[in-house]
């Protein structure tokens, strides 16, 4: 394909097409659906405010069934049939990576809301940036490092256990960077355990962790399992502080784990829905009004991904994908729901991480750590 | 020549000794019957002879070679074929294919030959087809050759079972109640057919049957089983008069029914 | 008591029964003889509602039962001992007999019939708690007949009750058929063993490739040349 | 000889089919979207037909086919990405490796039947998947990024070779032995069929082509991850075979094509896509429980048609 | 007292598998259908119980009864609409339809309420019992108790009631059962009703014990329960119970030994080994097909 085709086609109609390639069915449907909700909300807001450069955003939403081959199929369709100007997706790193080569061949920028693996934007082998790949979230190593610093410094932990979701490259990335930073900082990892997505029963493994009696437990993973892990751990009288990453961010975590069980737990995040910042509160309210539930991190990042693209279109002054791509790479100090974003040379957003502590089920802002 | 011989043959199912201490033999070209009350163990004997069940005691010799414990397909390849009491055809396959499958015992082309359709494959397939058709003709089934086996009537199915067994070119044929569910006339036709087969192919036959008119007319010798034990053995006349056989199997009124 | 008026039955394209008409009177034993695949089993299955007739009417005691479901027909008093016995192998002998009385409510009557069955088949009483699947062939046949009697049928349909049985059992089964009939149960009997069938039956029908070709008293048929040649092994 | 002439004509038609599409592709008449669609269809045909040999012909209830797919995908991907080998040997290695696994799975089938076998094969598929999760060399959960090497030529040849092999196998004494096993194992043994050998053979050949499909899959969709090869994938393949008609090779091809198209069509309805798909499935099964083709082949239908006219 | 703790964990998990497996085994026993949608009926039970507890503010017992009542109706409907026509079709066709029904239930649920999970209310608080150093939650005990009661009830129904006998008769020979005056349709409906009610109950219990419920939650327990049923010898009720418990214990122990990552793989290896030595499962009738 040639670069300009998509742009001119959409220009004529006074609209700019943005493709969504997300997990709307299959085993991680809940992530993709949240991200889609966020993106659709953002598009609606932008269109209600007159669109970008006078162009209305038209979303072409497609389901990749949480399957990487289907993600590639959907991307081909969005890029070559629907001729979108940019794609938002996918929610998981694997499904996003299925688009790397396609984005380059077709010269269509892809912004993943939530794919946190390094290799989404940077080629593992060559270390070169994947030209057309961007993301709205920060990458795994950053969160793990922040968590280790916090555990060693603020909590004074000397020993730690790591309990990782090994079915997710995201959680494994967090675990690896945490372990590295924690041992480099003088701490000791005394127990490593793992689980996989969809597990419900953690008691047998927790019994082992309890035996190692760590000062601190790092649990990178998604709230769906983490909620149960915290609950089951506290029920088994494991009282050590527990901490995780942005995968914890969902109002459901409180329901799953139980309010008091969550005391003495922390997580690193892009944003906090409790953040009094008006931008955040505006988003939270709008989301609740539209969907009737609190937005989780996926929704916030889906929302931000759409704004990232809209901002790029505005600055590019065109819906030409190549120009959008150029503008995306230049993004600077853009204030969004998940913080003030600049895109760095590796196409990753540079933004501060918040550390959030649970107090009786409420997310409270503990501290902020800058990159 | 001794075709088949068993010594002290026996099998247990859990606590049940379904067959015990069975000594039995067949000589070349003989037609021998195995009779006995229901549940006496007749079919079980067949199952042991064909490798479906492994005997727990004793030995079986086929042309002098120990064969107990061998798998069914190997025994078929050695020359023992059978029919089943509860008909077991390849239901969905055509009558012709049922017979052709049995014929493959004697084929030599390999899996590679058939994929590449090498000349040997064609030769053998043609030969198989011709032989199968000829066999169906003798059994009066050629007209229904392309019909699925399950669409045949009961009697035709029984004949197909026999045709299929013959297609393996057996030296020893085991027939399990071939006349079950046939009326006297059909039974009579069957009897003639069995005789013909035996003559033309020079085969040795062991027959299980409850129809005494059939058994008494065509068998040269008869073994009688009861509760897994051999209770009588001899020519038809001797067996028919044997009081133990009358009591356990034939019943008092049997004489007039056989007349 | 039972009448069939030009019944047609199809299995897909196969025309299995062709305009079959037949009558069974109260208290009779009627037998149906025919070659393999003639349609005997199909006829019984049509009567008991397991197979639907395409055309024609079946009446039982004046009532039209052509479109009734099998379970309703049982309730009206027709019991069927199917080809191949079809006992419930995983249930005990006692439970099998109780299944026969599934639709009956009166406990006392059921108990009474149980005794009647035991009187006919003492062997069953000895095997009450045994799983039916482990019975010998002949015992299973007794059980199948006993089970059908437990419904206290007015009409009993028997499909080849002597198939695969040792000669001594064949005799027993036939004497029991006579006995049951003497206890006021009407019987429609299918039997390959035409000698035996004709010797117990009052009347008989001959069926050939789905069509009734001959009927009369047992004696008449026994004398008929055609029947002798075709079914009695001439 | 009639046969030779027939073979010649078939060969010629196949060549023309290939050339026409190849020409259109290189002239850009088929755009990437339709090219991608063709690839999807081809891969699904391979998966369905290879499973058809195991389930439809041999009657072995196997629901772990995704395991073979995974083995092929990973073996070929390791060869091309990690060891920098060319694609062709990688494809063959994928087939051979999967066939070895096929033999491994074939062995338990000797003792297990029906649902018990189904569970064992399902277990096999899951074991493969979980093992892949735990091998860091192939990226664990994150999987591997694979170069896009699959193209029309490779896929076309693979599909045609597979169809010829499986069709020729089925229509031979060996194929009839497989059918006999499907119909009645005890009787098959009694007819001299070495059921052990043939069951393992069916698994090996079926797995071989599933492995090759895996190589095509890996080099078509850019990324492979263990999560894509779970039991749901096996079910997806099973559904194609059943929809086509159990025991019908052309049915498997037809259903693979139709379902791939339905799937692409349904992409446009993200919210209701799976509901519609499930309804299609239920309705087809309710109104055509024997599948689209039953156990017949297209050639049977053509013959009948010709026969009637004659 | 680690092992005791692990044993209790295993039994809790196992009894949930067992409850679902019972429904599988019953339906299988009678229509030889692997009712793949059974896991989704379990999921519906969990949601109905959840809405009963939260939206309708019912107590625990009324909620579980409500879930059982509605799931049994759903079970009967599924059979009526999707399976009845296929009763005489090849079993694999019915299995395919069941996969379709399963997808239909899952995605209709998602369509109606979205894919996000829901958290069960904590009914029993953090009441715990300490026995020999092991902690048991009150609800773990309740689960066990309810599971046992339901299983006993089922055994009683199947062996001592008329409908139970009809089920056994139909499962062995449906046509012969009709000749006894048994309505096969009605019996099969009853079987689906009972099996689905058990799955519904299991759903509520699951929600209570594991808190998180979501529309695709039925997939894995459904599969595991099917495995449990096969392991126990498919068609056998005690087999399903024991199979469920064995599977629960094996999984827990594998995790306890530190192999949680390969837990399912190990569980499958054990399962395959068991099957290789007992090809009919633990309680399957080991009659070789009589030839």
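Labels A, B, C, D and E are assigned to the chains in the order they are written; within every chain, residues are numbered from 1.
Quick note on the criterion: contacts are C-beta pairs under 8 Å (C-beta built on N, C-alpha and C of every residue); 3 or more make two chains touch, one makes a residue touch a chain.
This one's a predicted model, so the numbers in the text were calculated from it and none came from an experiment.
> Greatest Cα-centroid separation from chain D: which chain?
Here the answer is chain C, farthest from chain D.
> Write down the chain pair with more C-beta contact pairs when C-E is set against D-E.
Contact tally favours D-E.
> Cα centroid separation between chain C and chain D, in whole Å?
Chain C and chain D have C-alpha centres separated by 51 Å.
> Please tell me the distance, in whole Å, between the geometric centres of chain A and chain B computed from their C-alpha atoms.
Chain centres of chain A and chain B, defined by C-alpha means, are spaced 72 Å apart.
> I'd like to verify one number: the distance from the centre of chain B to the centre of chain E, where each centre is the average of its C-alpha atoms, in whole angstrom.
47
> Would you mind pulling out the distance in Å between where the CA atoms of chain B average out and where those of chain D do?
Averaging C-alpha atoms per chain gives centres 41 Å apart.
> Got the chain B residues that touch at least 2 other chains?
Touching at least two other chains: 52, 84-85, 88.
> Can you list every residue of chain C that touches 2 or more other chains, as numbers and ranges?
Answer for chain C, listing residues that touch two or more other chains: there are none.
> What positions in chain A touch 2 or more of the other chains?
Only 25, 27, 166, 196 qualify.
> Under the definition above, what is the set of chain D residues touching chain A in their complex?
The contact residues of chain D facing chain A are 31-33, 36, 40, 133-134, 139-143, 145, 147-148, 217, 220-225, 227-228, 264, 267-268, 270-271, 273-274.
> In their shared complex, at which residues does chain C touch chain E?
Interface residues on chain C, with respect to chain E: 48-50, 69-71, 74-75, 79-80, 82, 86-91, 95, 98-100, 102-103, 147-148, 151.
> In the complex, go through chain A and note every residue touching chain D.
1, 24-25, 27, 61-63, 65-69, 71-74, 76-77, 79-81, 93-95, 97-102, 106, 117, 119, 124, 166-169, 172, 196
> State the interface residues of chain E toward chain A in the complex, per the touch definition above.
Where chain E meets chain A, its residues are 2, 5-6, 9-10, 13, 107, 110, 114-119, 122, 126, 128, 135, 137, 210-212, 214, 216, 220, 251-253, 255-256, 258, 260-261.
> Chain E touches which residues of chain A in the complex?
It comes out as residues 25, 27, 29-30, 33-34, 166, 193-196, 198-201, 203-205, 207-208, 211, 224, 227-228, 231, 235-237, 252, 255-256, 258, 293.
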